[in-house]
Amino acid sequence: MNLWVLLAINSVSFGGLLFLLSAGFSLIFGLMRIPNLTHGSFFMLGAYIGVTLLGLGLDFWSAALLSALAIAAIGGAIERLLLRRLQGQELAQVLLTLGLSFMIADLCLMRWGGDPLSLDAPPALAQRVAILSFQFPVYRLAMVLVAVAVAAGLWLMLERTRLGAMIRAGVDDAPMARVMGIRVSRLFTTVFCLGAGLAGFAGVIGGPILSVYPGLDGDMLPLALIVVILGGTGSLLGSLVGSFVIAFLYNFGQAKLQELSYIILFLPMLLVLVLRPQGLFGRKAP
Amino acid sequence: MRARTAAAIALAALVSLPLWVANPYYVNIASQVLIYAIFALGLNVLVGYAGLVSLGHAGLFGLATYTVAWLVASGTGQLAAAVAALAMAVAMSAVFALLALRATGIGFLMITLALGQIVWGIAYRWISLTNGDNGINLGTRPMPFGIPLASASNFYVFTVIAFLLALAAMAVFVRSPLGASLRGARDQPRRMTALGYNVWLIRFLGFLFSGFWTGVAGLLFGYYHQFVSPQVLHLTASAEVLLMVISGGTGTLLGPIAGAALVVAMKTVASAYIERWNLVLGAIFVAIIVLMPEGLVPGSVRLWRWAWRWLLASPASAAGQRP
Amino acid sequence: MTALDVRELAKSFGGLRVTANVNLAVAPGERRLIIGPNGAGKTTLFNLITGELTPDAGSVHLFGRDITGIASRRRPHLGLARTYQIITLFPRDTLLQNVVLALLGLSRLRWNPLLPLGSQRHLRELARAALARVGLEAIAERPLSETSYGERRRVEIAMALAQNPRVLLLDEPFAGLSTDERRDVQRLLASIPREVTIVMIEHDMDVALEFAERITLLHFGEVIVEGTRAEVVKDPRTREVYLGA
């Protein structure tokens, strides 16, 4: 029983982390209609920058925010300088993000080396609290709270602000939004920045439980992909629900069916892609 | 006629390479170029001729390698193992195709990506089957007709023969009615349907053809390295071969070959001076994509176009064939 | 027996009804014209007949045979050909190669992965003949990208005719053509023998009316008026549809 409770806690907190990662991915996919294959790299780079900032003496939360801003800036540059040049050519854009992910991965390797680095949780949270008869790591609970806070913030932004309304319009029908006077190109940049920033933030938040290592990007990207494809592109609620479902599948798969864990994870995504490829991408296949 | 003489010279040079290149190191590089050239040609059937970009082809490639490795390591005869490996590659291509052809464009890309990842995940995690990260050792290279392939030059000749067969098969396919149908389906699928073609089936068959030669390349790869590990199936490998196809030009037969030579050469040179090959790979990828405003498929790379036009003077168009 | 029989055909997209209980019966050899303002559902009707769209209700019959459930790629084999409003041919091929592709579509040869297509002389000769029918034999070896719009329209018709259709659907064949080109196409259509039944969608009333024997007027997906040319032209409902109630 103990094992199951532990797995459950881990899954819920991991789900929170996945949400932080996938929310941005989902918005980018929903608005710009491309799976941003650099998203895992943003996560990893954010984590690495977090390690460096912590090493410079910053406290955890400042490091997380600063890292998020740095990644957001990088994301903005990528969108404005590269992606925008390929406007309308989604296939080329996807391959571009793939190429960038290779570059970022190698740059990280050059800068931070091949050994895993630890990113410590804030000391205040690095302890356990006893609830009922179980010992819960406080940090993991904090992760869930952070995820919920971010989710609430995103929801407010999308539902209550003008920017949010424009994003929702763009997700629904970008050409139409453009016709209605919405500066869709600028929106693309904003959302890409937001998505990247969220990923970078998630990288730092996830640091204490995942640590930071080469290949982290490759480990996280497929998860974001699966969450968004299951939950629907551009859907915040879908990302939320999807994140927790995948987190549970991932943790329980790892624990119980190690050898088939990858298949368990990818199969639902494959099924959705195969059964509903048109609805997913908003485009009729010829 | 310029193209014909150029081709003849190139062919002669290719086949006789071990005679005038003494250093086995370079002969081995040439073998690698040819193996990847077959891989790139196989992928180009889909990318260039069918207009379908796959990011999962390393899965098919590696599946052939793993199959032959596993069978040979467990005692199966070389010939049987090779046949089985190719059969597996074609069978898996059918599975890939059945799932991926539900979509085109990005949908197709993502389904093939997911499928390639699943195959990688199996190789990486199903340790009892594949030995995981430790890989599988093939032991020795096969001995077709009793001729040992241990030496660099012997293996090279074996590879050249396979390469020439692949090239011939590609040329025949491309000039055939089925090849023309595939290209038609790439350019105007709706019109093709209205003309009575079964676009899905045409693409399916194209996928099988592509998968077969991808399997051949995977097989040769296994013989060459005598070892296979999950790295062979990784997304990076799929991206690499895609880069070969794109950089050489998707519209021709020689394009993927040139792309393979380019990427292998760069990889070899780069790893001598720079430790970080992936950075270079990514940078070239990005540069090519950004510099190709007319789009990825089916256009050949603008940078190469003038070179090809001179060199080839298109024997293809002389025979009334489309690019 | 009717050549083309459409019964109670209906299609909606979400809440929008684009085709509402359309009935159409075209006699063999007839020259039928379908007219109607923009958005009347004319091209949608064609798409339903060729099978590119699946109807919500109703049926389509070709020379007595119910083809409603038959895949659209099979219908050319049964004698149904069509052209499109927007010309979508193969720009990097020559005119000859375009027509060869059309011929290949109905031939078992299209599955052959071994023979070189360029060596199939009978196909090339048939293609040349098809281009001669539309007066383009002289430029058969020219790439499509180097031809005029009017020439491409004629190639498209050549490709459709090359498949020896029994029913030919023409979707705005005169759109975008100059006066001379229009005349060429007119003559071409007039020369098509009665073995081919023709149904045409057209906006250009001058050329279209000359061509038509019977006219069907569509509006909001419904058949408003149908009859001989004289009948439809005189009918007050026709004026209503075009000039507003």
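We just call them A, B and C in the order they show up, numbering each chain from 1.
Note that in this section a contact is a pair of C-beta atoms (placed from the backbone, for glycine too) under 8 Å apart; a residue touches a chain by one contact, two chains touch by 3 or more.
The structure displayed is predicted, hence computed values, not measured ones.
Chemist: Quick one: which chains contact subunit A and subunit C both?
Modeler: The shared contacts of subunit A and subunit C, listed by label, come to B.
Chemist: Could you let me know which interface, A-B or B-C, is made of more C-beta pairs in contact?
Modeler: By number of C-beta pairs in contact, A-B is the larger.
Chemist: Specify the chain with the shortest distance from its C-alpha centroid to the centroid of every protein C-alpha atom present.
Modeler: The chain sitting closest to the overall C-alpha centre is B.
Chemist: Return the chain whose centre of C-alpha atoms lies at maximal distance from the corresponding centre of subunit B.
Modeler: The most distant chain relative to subunit B turns out to be C.
Chemist: Need the CA-centroid distance for the pair subunit A / subunit C, whole Å please.
Modeler: 51
Chemist: From the C-alpha centre of subunit B to that of subunit C, how far is it in Å?
Modeler: For subunit B versus subunit C, the centre distance works out to 42 Å.
Chemist: Where the CA atoms of subunit A average out and where those of subunit B average out, how many Å apart are those spots?
Modeler: Comparing mean C-alpha positions, subunit B is 33 Å from subunit A.
Chemist: Quick one: which residues in subunit C touch 2 or more of the other chains?
Modeler: Correct list: empty.
Chemist: For subunit B, write out the residues touching at least two other chains, lowest number first.
Modeler: 190, 199
Chemist: In the complex formed with subunit C, which residues of subunit B make contact?
Modeler: By the definition above, subunit B touches subunit C via 172-173, 175-181, 184, 187-188, 190-199, 205, 209, 319-323.
Chemist: Can you name the residues of subunit C that touch subunit B in the complex?
Modeler: Result: residues 50, 52, 72-77, 81-82, 84, 88-94, 96-97, 101-102, 104-107, 109-118, 120, 124, 159, 163 of subunit C touch subunit B.
Chemist: Using the touch rule from the top, collect the residues of subunit B that touch subunit A in their complex.
Modeler: By the definition above, subunit B touches subunit A via 53, 55, 99, 102-107, 109-111, 114-115, 117-118, 120-122, 124-129, 189-190, 199, 235-236, 239, 242, 276-279, 281-286, 289-290, 292-293, 295-297.
Chemist: Name, in rising order, each residue of subunit A that touches subunit B in their complex.
Modeler: These residues of subunit A touch subunit B: 33-35, 82, 85-86, 89-92, 94-96, 98-107, 109-110, 218, 222, 225, 229, 258-263, 265-267, 269-270, 273-275, 277-278, 280-281, 283, 285-286.
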